[in-house]
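Presented sequentially are two complexes of chain A, the first with chain B as partner and the second with chain C.
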Partner chain A sequence: MIRYLRKHLKLYIRYIRLDFRIYQQYWSYLVSSFIQYVTFTVISVVFWQAVFFNVTAIGDWDVSKLVMLSGMMFVGFGLYIHFWGFYNLPGKIRQGDLDLYLSRPLNPVAAIIFSEINVVAAISEMTTGLAVVASAAIYYRIPIILANLAIGLGLLVLGDLVLVLMQGAISCSAFWLGKTGIIQGMRDLLDDFERFPITLLPSGLRFFLTYIIPMALVATYPTLIVVGDIEALQITLQIAIIELALLLLWAVAFSKAWSAGIRRYGSFGG
Partner chain B sequence: MRAYQLDFLSSVIYLPVEMGVVYFLWFVIYSYSGQIIIGGLSFGDVVVYYLLQRIANRIVGRGFVVREVGEDIRKGNLSIYLCRPVDYPTYKLFSVLSYTTVNLLAGVAIFVVVSASLSLWIQLDPLYWASFIVSILLGLIIYYSFTLCIGLLAFWTEETGTLLILVDGITHAFSGSMIPLTMYPAAIYQVVSFLPFRYIYFSPLLIYLGKMSANECIAEIAIQSTYVALLLIGSRMILRSGLKRYDAQGG
Partner chain C sequence: MCIMKAIAVKELVKAYRRPKPKRHWYKWGQYEPFRAIDGISFDIERGEMVGYLGPNGAGKSTTIKLLTGILTPTSGQVEVLGYVPYQQRYEYAYHIGVILGQRELLWWDLPVLDSLRLYAEIYELTMEEFENRLELLSEVLGLEDLLYIPVRQLSLGQKKRCEFAASLMHKPDIIFMDEPMIALDVLVKERIRKLIRDVNKLLGTTVFLTTHDMGDVEELCDRVIILNEGKVVYDGSLPRLKSKYARWKTIEFEVSAIRDRSMLDRALASCEIVRAGGANWEARVPSDAGPIPQIVEGILNSCAVVDLSVHTSKLELIIADIFRSGAP
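Let's turn to the complex of A and B:
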């Protein structure tokens, strides 16, 4: 077991090194990525500033919290793209490229994730997000308690892992459906909910986006916890327990989908 | 289509799902602000605005012209078009139009269905409809010409990906795609009004919403036409200048 884990850890480190090397050689990609993240960040901030030019507050959310929400969204997405291999899995299934991973003495799921790892992009995105959060805290004079920051980021990680496993299960549908681009697109549309405060939505939608597809966990609730919102802190444990259950559920769903899909996989491609 | 039935079915409900996000966002903003009018628009106006904007986005397209033109130049594929009796910019424009035609048909159908189901206000004046259609097509050509100019910079720079990101960002912020421009502070709105980006989405959408008088509509369309002419002339000049240094080595 330890040898097995060590083998995969070595592979993981190797792909990370490769990723860094690529960015060292093609530094223009790094510049391009950085400009992309800064552009998206500026657009988010400009949007909320424009809205708050016309209104003073939206419920309990003021411009400071919403700017921090934008930053937290980038942190969440940066963690999510660490597992980008799941997103590209349908293409590999359709084109018969899974053989590359199935024929190796490695866990194919781990190999798929590691081979598509984009650590530099993930770190850039997360750093940009944390910089926005820190800048907002300084500019708007919001006191940050480290314990709240840890809890908020912990919930964010939990929510992201649920979304990653959900993504994996969706991608496994390619074993049966072939092209999953539009289903994926619909799933991606839900990402739009990340950028605004889900606690302001009607209760049904709020429940769905917190406890079924936990978009609220990758930006809204981490933001509220980081700023020390009492109501959010009070329900943290409840949310965490339900999300752990969801994590288990989607882990089982993905495992079953992968096993069933691999049994019918025929690497004909096309 | 039959091979990917779920794909086709999903594409039919793609836009309304996207609109759901926008609808809830602005419902929340208007509800909690306590204001009926924000930036000269009511909640109903904003919903129609964004619904039409999402449809117009599929008509106007995204920055793929930058990417395609940049690749044609970098990989030497431009030579294929130079050898043929086709005008490259015109060819690109019509390839964009072919892409937008399908989306226009689907978009109109979805707009009618969603408007009817949500009891949204629909423009009934045929003159405003005609003005809107002319204006949105001019907006498409403005966006195409601008992205063509950016793509043609590949004659001088190897990397147009970063430019594409900046173009998308600027267009998103200043065309009315992200937020109606009247919601910006007055000083910013004044500056943005002089840029061509507002004529891509914002002007056509305001025309549809009936927020302009007939004379103002004519003035907007005249300004759009001027920008179209300037940008098309600019793209021609860039192309002519770039072809002098073009050398189809590819790679």
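Let's turn to the complex of A and C:
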């Protein structure tokens, strides 16, 4: 088992090096990526500044928390990018591209993730996010307790893993359905809620975005913990338990879907 | 099943469902069962080189995918080197080399060497093993000038050579090749055939090859298995196939002048003329049609012959006959 894990860790590092090598081949891609992140970050901040030009707060959310929310969202998305292979999995299933992974001595799920890794984009997103969080804390003088920051980021990681496994399960439906664009499109529509404070929404929608499609767990709640709005240990524990339960649920769902799907895999296209 | 065998297949079935032909545009979503592989059985000993032949859609690639663990069989048994491929994929994959003609093995955007290093890591080769094998394969396949070029800039044939290196680097016990020689020129084909013969002879590697190029079969394979519509229709040695199923002999001759046309026509009366007129002639004689020497004598007496050869049917023709008839 240790040999297996060590091998896959080495492979992960090898794939990261390959990703850097691709940027060496296409240096303009690196520059345009950087411009994209800077532009997107500036637009997010300007958007909230514009929203709060005439108002000081919406509900419990003032501009400082919303900028912080933007930063947390970037961190979460940077982590999510590591698993982009799941997003592109339906195409691989449909075109028979899993053949390559199934006939080599490597874990096919790990290979799917590693082969689509875009570490430059992931690091850029996470660095941008942490920079926005730090800048907001300094500019708006938000006292940040390190323990809160650690707990908030920890819950964000858990929440992201829930979404990753959910994506994996959705993508596995391609073993049966072939094309999954419509289901994926419906899931993608909810991504926008990552950047808005979900505690402001009506209770039904809030419940849906916390317990069913847990967008609230990857930005809103971690942000509230980092800024110190959720201090009670009981509530923090409650969020952690929800996340762990969802993680377990989606891990089982993904595992079952993958095992059944791979038995059904048709390896079409040659 | 016996562990000493390289491959043991028994009553193997792979079934899919496929759309029924539609007569009306509104009738859709109707499927019918279809057996791509229909109860095949065969054993292959270690060190054998086997050609697996069949027309398009016969189930050759499906068989290779079942043998390599890519596909899960619908029913039946398959065991390779003592492993059940679809159940023990990870351990099993260390022992096999797979070349699938339609699948890209190399990283499109990167120099070839980067992909080969990745494969070395996947197969857990030490740096020394990697360098030794790379040197050997580079020499045999002529890769020295290709290693530092991004894959996207290589020709199809150059890419194939690099893919061979990626698949053979870990010294597999069995090589599965599905149409490996597509798009290769004659010289590269010859190099690769020699490489395959050498690894078979020196390392005892078992070779399982699908191809439409009968040159590959004649040069590499001791045994052929012919598949048609998912069923094995022939399994035996290549010489036996030729002697048993060669229904024709071919007489090819080149003439500078025809001295007596009516004599020539009489000589060729029992033959089917494939090519006639001009300098080059080709005639097919049913194997049971009578003595060839009399026909040859008639040709020699009626024409000024520059060159003449008699040979049994080409392998392509024998195989095509078997494909057409469904069974030999």
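Following the convention adopted for this analysis, the second predicted complex is superposed on the first by the 261 of 270 C-alpha atoms of A that agree within 3 Å, B and C clash if a C-alpha of one lies under 4 Å from a C-alpha of the other, contacts with A are read in each partner's own complex, and residues count from 1 in each chain.
The rule is simple: contacts are C-beta pairs under 8 Å (C-beta built on N, C-alpha and C of every residue); 3 or more make two chains touch, one makes a residue touch a chain.
In this text, all values refer to a predicted model and were calculated from it rather than measured experimentally.
When both complexes are overlaid on chain A, the residue A:R21 reaches chain C alone and has no touch with chain B. Judged by the touch definition given at the top, the superposed model places A:V51 against chain B, while chain C stays out of reach. Touch criterion met: A:R263 reaches chain C, while chain B stays clear of it.
In the superposed model, A:L11 makes contact with chain C only, not with chain B. When the shared chain is aligned, chain B comes close enough to touch A:V31, but chain C does not.
Shared-chain residue A:V42: touches chain B; no touch with chain C. Shared-chain residue A:L100: touches chain C; no touch with chain B. Between chain B and chain C, more residues of chain A are touched by B. Of all residues in chain A, those touching chain B in their complex are 28, 31-32, 35-36, 39-40, 42-43, 46-47, 50-51, 53-59, 177-183, 185-186, 189, 192-193, 196-197, 200-202, 205.
Of all residues in chain A, those touching chain C in their complex are 7, 10-11, 14-15, 18, 21-22, 25-26, 96-100, 102-108, 262-267, 269-270. Residue ranges of chain B in contact with chain A, taken from their complex: 3-4, 6-8, 10-11, 13-14, 17-18, 21, 24-25, 28-29, 32-33, 35, 38-39, 158-159, 161-162, 165-166, 168-169, 172-173, 178-179, 183-185.
Those residues of chain C whose C-beta lies close enough to touch chain A in the complex are 16, 61, 65, 68-72, 86, 89-91, 93-94, 96, 98, 100-105, 107, 109-110, 114, 117-118, 121-124, 150.
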